[in-house]
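My questions all concern the structure below.
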Amino acid sequence: MRETLVEFNDVHTYFYTEAGTVKAVNGVSYKINKGQTVGIVGESGCGKSVTAMSLMRLIAEPQGQIVKGSIKFEDKDVTKLSDSEMMKIRGNDISMIFQEPMTSLNPVFTVGNQIMEAIMLHQKLDKKKAREKAIEMIKLVGIPRSEAIVDAYPHELSGGMRQRIMIAMALSCNPKLLIADEPTTALDVTIQAQILDLMRDIKEKTNTSIMLITHDLGVVAEMADYVIVMYAGKVIEEGSVFDIFKDPLHPYTKGLLKSKPVVNQEMDRLYSIPGQVPNPIGMKDSCYFNERCPHAMEICKTKIPQLKNEDGEHRVACFLYDQGVK
Amino acid sequence: MQEKILSVQDLKKHFPIKGGVIQRTVGHVKAVDGVSFDIYKGETLGIVGESGCGKSTTGRAIIRLFENSGGHVYFKGEDINKLSRKELRALRPKMQMIFQDPYSSLNPRMTVGQIVGEALEDHGIIKDKKELRKKVIKTIEDCGLAAYHIDRYPHEFSGGQRQRIGIARALALDPEFIIADEPVSALDVSIQAQIINLLMDLQKERGLTYLFISHDLSVVEHISTRVGVMYLGSMVELSPSKELYKNPLHPYTKALLSAAPVPDPTAKRDRIILRGDIPSPSNPPPGCKFHTRCPYAMDVCQLEVPEFKDRGEGHFVACHYVDMTIEN
Amino acid sequence: MRQYLTRRLIQMIPILIGISVIIFGLFALAPGDFIDANMSMGASQERIDELKALYGFDKPLLVRYINWASNTIRGNLGLSLQFMKPVTEVIDDYVWNSFILASIAYMLSILIAVPVGVLSATKQYSKFDMGATVFALMGIAMPSFFLGLLLIKFFAIDLPIFPVSGMSTAGANNTGLAHILDVGKHLILPSMVLGLTGVGSLMRYTRTAMLEVIRQDYIRTARAKGLGQRTVIYRHALRNALIPVVTILGMMLPSLFGGAIITEQIFAYPGIGRIALMSLSKRDYPLLMGFNMMLAALTLLGNLLSDILYAAVDPRVRLK
Amino acid sequence: MAEATETIKIKKQNNDTIESPWRLAFRRLRKNKLAMTGLFALVFMFIFSFIGPLLSPYNVIQTNILNANKAPSAQHWLGTDSIGRDVLLRLMLGGRISLLVGLVSVSISVVVGTTVGGLSGFYGAWVDNLLMRMADIFMAAPFFPILIILSAVMSDRKVTPENRIFIVMFIIGILSWAGLSRLIRGQILSLREQEFMQAAEALGIRDSRKIMKHLIPNVIPTIIVSATLGIGSAILTESALSFLGLGVNPPIPSWGNMIQAANNFYNLQFRPWLWIPPGVCIFVTVMSINLLGDGLRDALDPKLKR
Amino acid sequence: GCGGGTQAPAEGGGERADLTSQSVDIVKATDTSRNPQAALDRKDTIVIGTDDFNGVFIPQLGQTVPDRQIYELLFEPLVGVDEEGKPIDDAIATWTVEDDVKYTFTIKDGVVFSDGTPVTAEDVEFSYLVIADPTYDASSDIGKYGILGVDAYKNGQADSIEGIKVIDEKTIEFTLEKPNAEVIYFFTLGIIPKAYYGEGYTFGDLSSIRDLQAKPMGSGPYKFVDYKEGQTVTLVANENYWQGTPGIPNVIFKVTSNATQMQEIISGQIDMQDITVSVENVEQLKAAGFVDLHIFPTNGYGYLGMNHELPKFSDVRVRQALTYAINRKDATEAIYGPYGNVLNIPQSRVSWSFTDEGINSYDYDLEKAASLLDEAGWEMGDDGFRYKDGEKFEIFFTGMSDHPVLDILLPMMIESYKELGIDFKVEYVDFPTLIDKTNNYAAEMWFLAWSLTPDPGSASNVYRTGGPQNKYNYSNPAADQLWIDGVAETDFNKRAEIYGDLYRILNEDIPVIIIYQRSDMWAANSRLENFNVSPYRTFTKDLWKVTIAD
């Protein structure tokens, strides 16, 4: 087995708000190995971004706090690192593509400037070289007239262009781990394909691990080696990409796969999982999916299911597969 | 024939490019460069196309968020650009836009309730405060959010949740026409399905009309009556949805369709890789704008702009190669 | 942009004319004139009338305005009544002293206010922030004469390391470096007073603007790039917080040349501020007109400058 | 895996209506301890100034040369001034003037400045040009001569001292809005280009509402700073105005002209009871406004819930 | 200055010397060893603190005290003034008077300008022609003494003034239309060299002289070196001075501020300065140990003016009542401590014309004031205010802003006038506004101060019927006649009697309520020896005799 790069161990990240405590991440554990691409899917709002942000230690304090658990990155527990140690890791060892490309770019600097900054910092290049590299990165992510775009401000770019700038920024420093939070949502499929190719290239060349958060199951299928399925702040299923797509176990995962429309396949109405995500404030001890689950049992309403090894790497948190219950 | 709700004629939007310390205009980005199409009542026109090809700009120009550089937009026969501010305001509730970037289009200092309910209150549609709250809750629940979200601020939401706030904001007004700019890109497939179902239900119930901009070809196919393909500020192909997916004519459309990812890790792909430099919208290539990357490019493509012609059954395309193959 | 500049500069002309009419009108309306304020009261009525005629105070207002305006356009601001010297020369004699003092003081206040404001914001509600707030508000509640006298007491009397007043040592005919050092020594206390009293407001504005900015997503992005706290704050955040600061800096331009009346008064500093006050209480109209027109022009320029800087600071702002 | 067993408080919410950003802010403000301390201090200053004098055994117009310049004692808690008047009583009476001058003039300047800045920044184009050129004129107009003329006019009209102070408040307010309007406009110029403003436009929100509900809450921090600073300087400006004959007239004191006692080395060194009390009062007032203002800012800042 | 002196926002203080004493009170330093090093280091230089200069250092044109201090050291007049304000011949000329109308001056031997050229009668003539120029716009008024032919010269009808005749190189003759006792003080004007200032001068254009205003040259004990605007004027001893080389080689005048001038003396940065006298200031300067204080009565007085045109003030009983109702003694005490005195006549108590015989001192007496008001028909109403013919007794007082005297005087007046049944309202305006108001007779009651010139006759402008400075509309024919008599008489003893009678009338009539005469104070570092100053004789007159002690 390959070396582990990141290990989440029972991470809890809460937000303390006026209305109550939002348990955005509520006991998440999983591993990312070196050179592995881990796809993370799940309900919108289930805590995928917050998990990633916890790893980067970029949760908006003081409301948001990692209250429990550890996140190991190469033997270091990032939850315990000092700010300056964390600084060295960020951008250099781990880089992140944020979900919101518009607000994540500083409106008063040109995009070139923002890309160059990281390059100059981590690769110790001079300004001219960094600029060349920035132009090259912009070209790599498929933006035309890269020489002009380096000097453009974020608000002058289209949504997809901004997103690609974020990608260029994250890829420019050959990180050990790339966190890509919905990296291609604003891109058309040809460019998406190009970006995905680029990410694969980089991964192959430098043995980078990728934490790929996305809703596009197609992208997951294409990119990921391993898939984590999250629901309401918890991991409910994990397994290799083949396991998940060919043999989904959790009813949520099944519903998810069923919801996806496919080109050239006609249907009147798309399938969608019935019901609502539970309120993350004040959740009871239960399987959080029980209200929406077609196979819900009594136990699901009173106990929280644990992630269990079903077969091999494929694990699921569902009483349906719980020996005792069966 | 169906009622034309919107007619776009030769729409152009050029952004000036500023350069130097004194910010002189050194050129123009031709973000939208002569786009024409009609939308009929009750239909959904899907727009797909390369990122940066001017889809969002087209959408914004249609609802006149900025003054366009040329062409006309008629909404129910009225020239949008000739309306006074007051008339425009009165028209606003009828045509809504779902913005592509959910977060930056939400005022950080307003709660969801305020964001979604504000327009209803301001246009005097709902005057009673309790009723307003009810309506807002109903709308956000339709969009897959929960009632308890109503007093939260945008930054407290995940990307997908924010997108749903934007959708709810547009839907709350019960508009007749909605421009949806990537409305479901940040949503997980289940909620995506829920939203699409909602949009389609509304369409059936109220005869809503959509201009649906998206990169997700399967979603576009599912929801659209007709689909337009844009490339570098122009429309290159426009056709009824099924026809387009079964029988794409333009080489760009073909490349696009071939690149769509399939949710099957074992699936084999036969992708058309587009080569060549991506041209710049400030200095688009002469002739057919696609010729620099087109696998079938011919001499004529560099010289002449292909005509946007009907190939029967409302399948429009602008391509010399198609012209040639069909004639032969 | 060039168009914008030309347009704004051209617009300044009617505004300046308007302001000149206002200023002239104000001075003409203000009760009392130079003769009333200065002349020996024992002078006979005939002599007083003779003098008023000599000074032209008996002419109709419009004639006086046109005379003044036509001279002003030719760069002749007239003769100061109290100094009996061309107004331009009087201004030239004093304004540069004020400028030196004010620019040192503003430098000082910017150097203190901006970093302290930034730190206060990054450590909101910390002890440091509280201290800075109290300090800033004390500066606001404290009149500058008070601070001036306090500093004089400590640094010029109890611990005589700085001179009490003036701009150079009387009778010391220093030249070159020695002169600069001498002047520098005299500038320390007044520039501290002027600088410190300005610190408070600039600091508060910086702090608030920073508080807004540091919670933005792009600051998170900057952090994610691994940039150090300093770079994140001073490069990414501060730049976005600059709009109010730039406005204030633009508004400071006229005061750079306008003199600080109270500070100059206390330190007997040869600046334009005391001269202006003197000319007001003596109703020295030509000097007042010249001085106020200069300030008006500088105000317009300062505001124009900050408008231009907005666009430089924040590319989203469009100049139209 | 440790389970989420802690009990979580769900706070009661106002579930009937959608509160406006302002109402919501005030509700949150009430929970802010520092802000409430500020409010309390401010209320105290008001009580001190408006009710306090009624409890004093002394009288403003009563002078007593034999008892002049006395240090604080049991009879005169804060000592006496140069003609034997009770400093404490003067301090309380001075508060009436200074608090009013501070609050009223700042309110005027905030209202005018915000309106002008808001309109100017929001509409841009000729509206901006017109309003900003107007602000230019206000900023460029010479302060002192205007005041001298005003004082002469008031003198000719025999305006009574009580009415005079209202005019003074008005003047300080009117002469200081221009700076604030420029500050606000500067920020709004940038804010209005943001996407949420486009969204508001697409919704067809009325302009007045866009300004009031979308833009102003985003510039409120600046307004607050300007108001806090303004109150302090208005209180001191009032005393500078007496120099030109515009401020309060005897026997009415104000904190500003009481603190002028420190304009003299002897008093500065040997009679601190003359200037420390008004100094402290101004400071407390400014501080309490600042705390309140900071609280309001935090209350309006959704990212800062504590 | 001339006339009734300059109206000014007077400040400062003085010694409460007994009324007969005219001497200057000198408080000697007690501990000269504490003299700061900064001062001791200036071995051949003294620094004198002063107010802002205007940079007009010519006697004919200069208008402010700081400028005057400079030009008095650079230029000398024909006639000097002694400590009592009487003319003496310690200046550059001696003189004889014929028929009270012809003044013949002879310039003393050896009097030269600092460039070595002798002072001649032509220079004297030139010095007076300058102020007779039709474009002359400074403060001297040559027209008011009745010198023959002045008008003709001004109008350009004559090339010279008939009444000013150069007899020979050293002798010059001035002729008047009729006797004028004041004219002798007109000869205290400094003499300027024609050769230097007259170059380029043409009748009707003073610009060539203006051009030299900041480069003065005259016959005084000091020579001009340089002027730094707003900072210093540097002078150096004139080795050609006709009375011998001055004792101090260098004199620097330095601009200081009111707030800190005392600290400058105490820290040794300046050697001398006139400082507002007050108990606190004297105390601090005494405590310094090394400062000599010269305290002497100011040439001036503070008063309350009233507009007699208003019916309420036209009644002399009311004016008297208002005077009785002010506790002037306590007020003066509170303001100046021992350095101010209540004054009852408009003349300095050190003047030769001063008298207190038959003068009513109007001691504070509210009862008397009340009965006078009753007599005048102002009856007490139920609301505590007095009424006459249905009109409430209201006084609208216009004060000058930022004035330390008013800070104390007004509260006291408010208090006692309230008790008397008068609604006393107060407003402030700035100084020129107040002057403007009084000029237009638009003020009811106000506070100002007159500064006095040596000759008492100039006050007629203030108190005679229709006098240009009589802004009170005061009129008393008997007094008017005495003013005329006073100027027509040239014998000092006889004049003193005339003015004594006049002052008694004014004391009875109360044209204005005179409050106090304060004192001036010069603080001088004790290392200065032979320093001399008195009310009518400024320190500049004797500065050349001063030396620096080791």
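Of note:
Letters A, B, C, D and E mark the chains in the order given here, with residues in each chain numbered from 1 onward.
Going forward, a residue touches a chain if its C-beta (ideal position, glycine included) is under 8 Å from a C-beta of that chain, and two chains touch if they have at least 3 such contacts.
Note that the structure is a prediction, hence the values are computed from the model and not measured.
Chains that count as touching both chain D and chain E, per the definition above, are C. Here the chain-to-chain distance from chain A to chain E, counted in touching steps, is 2.
Contact count check for C-D and A-C (C-beta pairs in contact): higher for C-D. Chain A and chain D have CA centres that are 49 Å apart.
Chain centres here are Cα means. That of chain B falls 53 Å from that of chain C. Centroids of chain C and chain E (each the mean of its C-alpha atoms) stand 37 Å apart. Note on chain placement: the centre of chain B and the centre of chain E lie 89 Å apart, centres being C-alpha means.
Under the contact definition stated at the top, the residues of chain E that touch 2 or more other chains are 259-260, 263, 429-430, 433, 436-437. Shown for chain A are the residues that touch two or more other chains, namely 17, 19, 60, 100, 102-103, 155, 281. Residue positions of chain C with contacts to 2 or more other chains are 30-31, 145, 149, 153, 215, 217, 314, 316. Chain contact summary for the complex, chain E toward chain C: residues 1-7, 36, 38, 42, 45, 47, 52, 54-56, 61, 63-64, 135, 137, 139, 141, 143-144, 210, 213, 228-232, 234, 250, 252, 254-260, 263-264, 266-267, 269-270, 429-437, 439, 450, 453, 458-459, 461-462, 468-469. Of all residues in chain D, those touching chain A in their complex are 1-5, 8-11, 13, 28, 193, 195, 303, 305-306. Contact residues on chain A toward chain C in their complex (touch as defined above): 56, 58, 60, 83-84, 87-92, 95-96, 98, 100, 103-109, 114, 117-118, 121-122, 153, 155, 166, 169. Across the complex, chain C meets chain D through its residues 11, 15, 18-19, 22-23, 26-27, 29-31, 133-134, 137-138, 140-143, 145-146, 149-150, 153, 200-201, 204-205, 207-209, 211-212, 215, 243-244, 246-248, 250-251, 254, 277, 280, 288, 292, 295-297, 299-300, 303, 306, 310, 314, 316-318, 320. Against chain E, in their complex, chain C makes its touches with residues 30-33, 36-48, 51, 54-55, 82-85, 93-94, 97, 145, 148-149, 152-153, 156-157, 160, 163-168, 170-171, 265-271, 274-275, 278, 281-283.
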